[in-house]
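Across the two complexes that follow, chain A remains constant while its partner is chain B and subsequently chain C.
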Partner chain A sequence: MKHNVSSGTALAMPAGPRLSRLGINLASRYGIVVAFIVLCTFLSIANEFFLTWGNWTNIIRQTSINGMLAIGVTFVILTKGIDLSVGAVMALAGAVGASLAITANSHDIVVVILAACAVGAALGAVNGIAVSKLALPPFVVTLGMLSVARGITFIFTDGQPIPNLSKPLLWLGSGTLLGIPVPIVLLAVVFGICWFVLRHTVFGRHIYAVGGSERSAATSGIKVPRIITLAYVISGLLAGLAGLLLTARTTAALPQAGVSYELDAIAAVVIGGTSLSGGKGSLVGTLFGALIIGTINNGLDLMGVSSYYQQVIKGLIIVGAVLLDTSRRK
Partner chain B sequence: MKKLMKLVQHLAVAILASASWNVAFAQTPYRIAVMPFGMTEQMSNWTNAMREHPMVKDGTVKMTVLDGKFDAMVQSNQIDTAITQQYDAIIFAPMDYKAAGAPIARAAAANIPVVSSVTRADSDQLFAYVGTNDTDGGRMVTTALVEKLKGKGNIVLVEGPIGNSPQVMRRIGIDEVLKANPDVRLLAAKTANWSRAEGLAVMENWISLYGDKIDGVIAENDEMALGVIQAMRSKNIDPATVPIVSLDGVPDGQRAVRDGHLFTLFKDPKAEGQGAMDLAIRSIVGPSYQPKADIWANGVQWKDGTAKQYDIPWVPLTQANIGQYLK
Partner chain C sequence: MNHLLVEAEGVTKSFNGVPALHNGTFRLARGSVHALCGGNGAGKSTFLNILMGILQRDGGSVRVSGKEVDFCTPGEALAHRIAIITQELSPIPYMTVAENIYLGREPRIGGVMVDSRRMRADAAALLSRLKFAINPTAQMASLSLAEIQLVEIAKAFSYDADIVIMDEPTSAIGERETHILFDAIRSLTSQGAGVIYVSHRLEEIFEIADSYTVFRDGGFVETGSIENIDRAYLVQQIVGREIGEPTRASRAESGPVMLDVKSLSRAQQFENVSLQVASGEIVGIYGLMGSGRSEFLNSVYGIGPRDSGSVHMEGIELDAERPDKSIAAGMAMITEDRKESGLVLGASIRHNISLSALGRFSRNGVIRGSQERDHSKAMIERLHIRTASDNLAVSTMSGGNQQKVVIARCLSTNPRLLICDEPTRGIDEGAKQEIYALLEQFARNGGAVLVVSSEAPEILQLSDRIVIFKKGRVNQELPGHSANQASLLHAAC
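== the complex of A and B ==
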C-alpha cells in the first residue's frame, strides 16, 4: 500500500464532493499507471512493431538516462526544491569520465565511474549548501550552476568532443549483462537502491518531512540543512552517472551533451505525481513518468509524427499532470 | 475519476489527431527513414526536396522524418527505432561526425543501408555519401577572400559547432589556403554555432577588440555571416568595405549577395536531398534502378549508384549571377 506522508495542514473534507475527491486521489496515485497502459494500447494498435521485444528494449534503454536524472531530481523536488543544473552536470561529469577513459591511457572503469559520480556529487553539494546554508532560492542557485557547469565543460574539453573511449566504458553504453542492456540494468539498480532509501530509511522519511514543512521538521529535531544538501548531492551524483552513461552511448563526450535534459527530467517527476510544493510523491511515479515520456518519444517517432506535434503533446501532458496535482491539493 | 477520464480522452484525441496527419493513405513498399540533425532552414529545404522526389510523390516510397533535435544521443536512439521498425533504408545527416559511427554500424549489422548526406560520419559502412564537398568549399571561399585582399591582410573566422562535420571539413580547406598565403593573417577564430545571433555577438566583440584591423571575414555559413553584417552595421561600418565570404547560399544570404555585402557558395538542398533519395532507393532496388533527380543530368555522375561519395558542386554566387537564383 502506498504511503503518502501528507503535509501538516489537514483540510476538512466537504461532504458533497467526497466521491470526486476520492476519484482525484485514486487518479493521482494510479492514474499514471492507467495513463501509461492506455498510451501503450493506442500505440500498439497504431503500429505493428510497438509491442516487440526489440522496441521495448529500445524504449527502456532510451529512458534509462532520463530515468536516472529524474530519480535524482525527485529527491530535490520532494524537499520543495528544484534542480535545473542536471543537464550541464551530466555533460561535465561525462567529459571528466571520458578524459580518464581514452583508449591510450585509460584508467580502471571503476575509477572512471567513481570520478563521474564524484564530479556530480561535488557540484550537487555546492547547490545544496547554497540552498540550505545561504538560503538562496533553488531555482536561482541551480540556474547559476547550469551556466557555470556548462561553461566549465566547454573549458575542460576546449569545445571539442572527446572520442576514442576505452572498451569498458563503451560496454557501459552498448553492452549487455545476462542479455539485458547495461543501461537498463544500471537504471534498475539505481531505482532499487533509491526506492529503498526513500521508503525504508530514516533519511527517506526525513526527506518527506522536510518537504512537507521545514519548520515542523526542524522542531522535531531533523537537521534540515543536511537533509537538503544531501538531496542535491544525490541529484548531482545521479546526474554524473547518467552523464557517463550518455557519453558511453554516444561513444564520445560532447560538450553540448545534455542541453535541456533537465526539462525532461522535471517533466518525468511532475507527470509521475510528485508535487512541486514538496512532501508528496514517489519514485515509482517518477519511473512511470519517465517511461511515459520515453514511450511518447518512441511511439510518436514510430508513427512519423512531426517533432513539433510531439512537443505540443508533451507540454499538454505536463500541464495536465500539474492540474491534477493542484486540484488534489485543494 | 472524471478528471482522469478527461485527461485520457484529451491525450487520445491528441495522439490520433496528430497521427492521422502523417499516416499515408495506402501501404507502400519502400519505407525510408530520413534523419536531419535538426530543423534548420537548410535541413527543412533538404527534407522538403525529398518530399518532391517523384517516387515519394507517387507513393512508391514512404518517408518518415525523424528530427534529431541537434542531439547525437537522440539520433542514436532514432537509428535504433528505425532498426526495430525494419525500415528499408536510412538517409542520415549526423549531428556529430564521431558519434555517428556506432549507430551506423548497428544499422549495417541489421542489413539496413545508410546513405549519409549534408554532414558526414566517421564510418566506412555507409552505402554512399551525397553532398557538397565541404573541404573544397572552405578552399574556394578562402581563395576568393585572399584574391579580394590581394594576398595581404588580417581576417577573422566565425565557425560552426566544433565537431560538426561541415565545421571540421570547411576548416581544413580554409587552413590549407591560409597556410599557402602567409601574408593573410588569422587574427581570431571562434564558434558561433551556425547561429546569426551568436555571429552578431562574436563580431561585435571583435570589432571592439580589433577595430580597423579587420580586413576580411570568413564565416563558415551564411547565417553567421548575416550576423557579422548586422554587427558591422551596428558599429557604423559599411559591410561593403570589408569583404565577407561564407557558404550555403540560403535565401537571406542570397539577398546579401545581391546587395553587395557577401560572397557565398550555393549548396543545393534539392540536389543533396533528391540525390540521397535516389541512392537510398538504389540501395533497396539494386542496379536496375534508374535515378530520377535532376543532378544526374547536370554534371554529377551516377556511376550506377556504386560510388561511395557523390560530390554535389558548389555554385559561387556573386552579383553577376545572383539574378538566376534569387526569385
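== the complex of A and C ==
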C-alpha cells in the first residue's frame, strides 16, 4: 500500500526501459536509497578499503543481526506499536539455544534453532496479548518485557557466559553456504519470506490495515487482536533467531548480549521510511535503513573515527535521513 | 458597493495544470444568508479555500468590504473578519471545550499566563447565548461527534466576524440543534453580518438562505433569490440534468425475515430493542441525536458491545462483537464516520475495496493481484466512482466518492443485509441519489436494508417501514408511505 506522493494524480511514468523506470520509481519512493548511494560514494572516496569485497561482506555480515531484528520490528511498527524488548529477547533466546547446543546431540542444530525461535515467539506472544487484549500501551508492555527478559536471562545463565558451543552452532555464526557467510544467507531468506508475506498475502494486507485504522479494520471483519499479537510474535521470533546468530558469532551466550540493540533496530525501521504512526512502510526500506547504519558504523571505523564521535555522527545522520524523507513526502 | 461584503469575479485556480476553478464569481450582501451550491468537483471548496486564505488564487479578483484582497494565510482572512466552520472537525481531544474555542487567543493575565477562569466564563456565556447545552470544562475527547460540531460552530461565532462561512455545519447534529443554529444565524445576519452557507441538505437551504449561487464543473452557473426557485430546480442546476422527482420505486412483496433482533440492550445506550427486517425490505430508523441509534446498529453488527438480547441472521444466532462472523453470515455495514471506521485513509482505493473480501481474491493466503484488480475496476464502474486510478489513496477523494468506496467494500462480500448509518452524510445531491438508487436496487434484488438517518426526507423516501427511536427505546413504528416529516418529528421528540 504505497503512499502516493503527489497531490492525488498518478505518478507520470516516463516511457523507457523497465530498469530506468524502476530506478526512478525507487528513487522517488525511497529517498533513503539515494542517501545510501551518496553515503557510499562519499566513503569510497574517503577510504580506499571501503569498496573492497572483503569490507562489503563485513558490512553485510555485521548488518545481518540488526537487519533481522529490524525486519521483525517493522511488523510491529506497521501496526502502530513498538517493541523495545528485542535486545533482551535476543539474549534469552541465545542463552537457551546455547545451553541446548551443549546438552543436545551436536547435530540437532535444527532443534536449537527452533528452540531459540520458540523462546522469542513465546515472549512476543506475551507482548502481543498484553497489547491487544489488555489494551496496554506497546511502549510500556515491551519496556516491561525488556526488563523481565533480561532478568530471566541472568537467572537462567546464573550471570555467567555459556561457552563451548557445538560446531554446528558455531557454523551458523562463522560458516559459509556456497561461499556466502551463513548470517547473510539467513538474512536473505528471512527478508525474502517476510517481504513476500507483507506484500502478497492476506495477512500482510491485514497488518497494513490494522496500522492504518484499527477501527476500519475491525469494521471490515479483520480480527484485530489476532493480527496485533502475530506482529509481536514475529518480532519476538526473529529476535530469537538473531539472538542465536549473535551467540554463534560471539562463540558464547552472554547474559548481557543485545543490550541497546533495540535502538539500532528501531532506527533502521524509521530511517527506512516506516511511519511510527502505523500503516505505512516497507521492508525494502527497513533493509536499506539497516544497511545505512551498518555502513556508517563501518565507514567511520575505517576512517579511524573514535567511537564517541561515531555515536554523535550516527545520531545526526539518523535524524537527517528521516527529515529528508518526511519533507520529501509532504 | 458598501452593501456587498464579498465580491469575487472570475477567480481561477489550477493544480498541476489541471483547472479546479475557472470562473469563481460570487457576491455576498450584508445581512444575508447566501447558499453556495454545487456537487463533486464543482469548485466550491477551492473557492472557499481561496476566500479563507488557505489557497492563493491564480487569477480574477476578490473584494472584501470594498477592498481588493489576496490572502496568503488564514490569519489574514481572520484579520479581515472572515470566520469559518469547517467541514472537517479537528478538535484538540485532550483539551477542554473552552480551551478549544479560544485556542490561540486565550485571555491572559499580565500578558503571559492564561486566565482560565475568564476563558471558562466566556465560553459558558457564549454557549448559553447560542443555547448549546455543552459543559465548557468537558474534554473534547469525551464529546460526541455532534457536540464537537456544536463547539466548532460556537468557535466561529465567538470571532464576531462580518463574514461567516459554514461548510456542512449540520452534518453531524440533529434537528433540534439545527434549529438552534438557524436562530443564531438569523440573529447574526440581523446585525449586518453575512453568512455563506454550504450544505447538501437542500431543505436547510430553503429554510435558512435568502439567496443562492450554483457552481458546476469549476465555474459559476447561476445566482438568484431562493424564494424564486424550488427544490427540483435547484437540484437540476446543481446536477446539470433532469432529475426525476424522487419517488419510492415500487418493490416486490417482501420475503422471509432476514434480520431478527430480540430485546437487544446496552446499558446507558438502548434498552430492549426488537426489530425485524425481511428480504426485499428497507427499514429506516429515525431518532434525535443521542437516541441510541448508532450504538444499536454497532451492536447488531458487532463493532459495539451488547449486554443482553440476541441477533439472528437468517435463523443463525450471531456472537456478540464478532464483525468477522457477521460478515460471514451475510451482513455488511456502512458506519457513521467513514474516515474513522469505514476507510483506511492512507491505503489505495483498490485495497480499501477488497479489504473485507480478501479471501475471495486469494488462494492459501496469497493474494492474486489480477483478480483483485479486476474486481476493483468492476466495482468502480458499477458504482460510478470518479477517480483517475484505483491506486490513489482514498484520502484524496471527495466525500461522495469515499462513501462509494465504502459501499464497494461492503458489496464485495456479497451481503444479504446492508446496515447503513447516515449513508449520505456530507455527500452532494448527485451522489446521494445514486446511493438511494443503489439501496433500492439492493432491496429489489432480495436484499434487506436497515438504515439510520437524521434526514427526514431521506428516511421517508427510502423506507418501507420507519422505526422511531427515542431515548434508547423503540417508540413507534410507522409505515413508510403514510408518514410525513411532522409525524416523524412528533414521534421522535
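In this section, the second predicted complex is superposed on the first by the 287 of 330 C-alpha atoms of A that agree within 3 Å, B and C clash if a C-alpha of one lies under 4 Å from a C-alpha of the other, contacts with A are read in each partner's own complex, and residues count from 1 in each chain.
By our rule, contacts are C-beta pairs under 8 Å (C-beta built on N, C-alpha and C of every residue); 3 or more make two chains touch, one makes a residue touch a chain.
Computed from a predicted model, the values in this text were never measured in an experiment.
More chain A residues lie in contact with B than with the other chain of the pair chain B and chain C. By the touch criterion defined above, A:K80 reaches neither chain B nor chain C. Contacts of A:G54 after superposition on the shared chain: chain B is touched, whereas chain C is not. Contacts of A:P163 after superposition: chain B is touched, whereas chain C is not reached.
By the touch criterion defined above, A:V34 lies against chain B but remains apart from chain C after alignment on the C-alpha atoms of chain A. When both complexes are overlaid on chain A, the residue A:L302 reaches chain B alone and has no touch with chain C. Of the two partner chains, neither chain B nor chain C is touched by A:R150. When the shared chain is aligned, chain C comes close enough to touch A:R205, but chain B does not.
When both complexes are overlaid on chain A, the residue A:K314 reaches neither chain B nor chain C.
In the superposition on chain A, no residue of chain A contacts both chain B and chain C.
Residues 1-4, 6-10, 200-203, 205-206, 208-209, 212-213, 215-223, 279-280 of chain A are the ones touching chain C in the complex. Residues of chain C touching chain A in their complex: 15-16, 18, 301, 303, 323-324, 326-328, 333, 335, 340-348, 351, 355-356, 358-359, 362, 365-367, 369, 388-389, 391-393, 396, 409, 413. Across the interface of their complex, chain A is touched by residues 1-4, 7-8, 10-12, 14-16, 18-19, 21-23, 39, 64-67, 69-73, 76-78, 80-81, 83-86, 96, 98-99, 101-102, 161-163, 191 of chain B. On the chain A side of its complex with chain B, the touching residues are 20, 23-24, 26-27, 31, 34-35, 38-39, 42-43, 46-47, 49, 52, 54-55, 58, 61-62, 65, 159-161, 163, 174, 246, 249-252, 254-257, 259, 297-298, 300-307, 309, 312-313, 316-317, 320, 324, 327.
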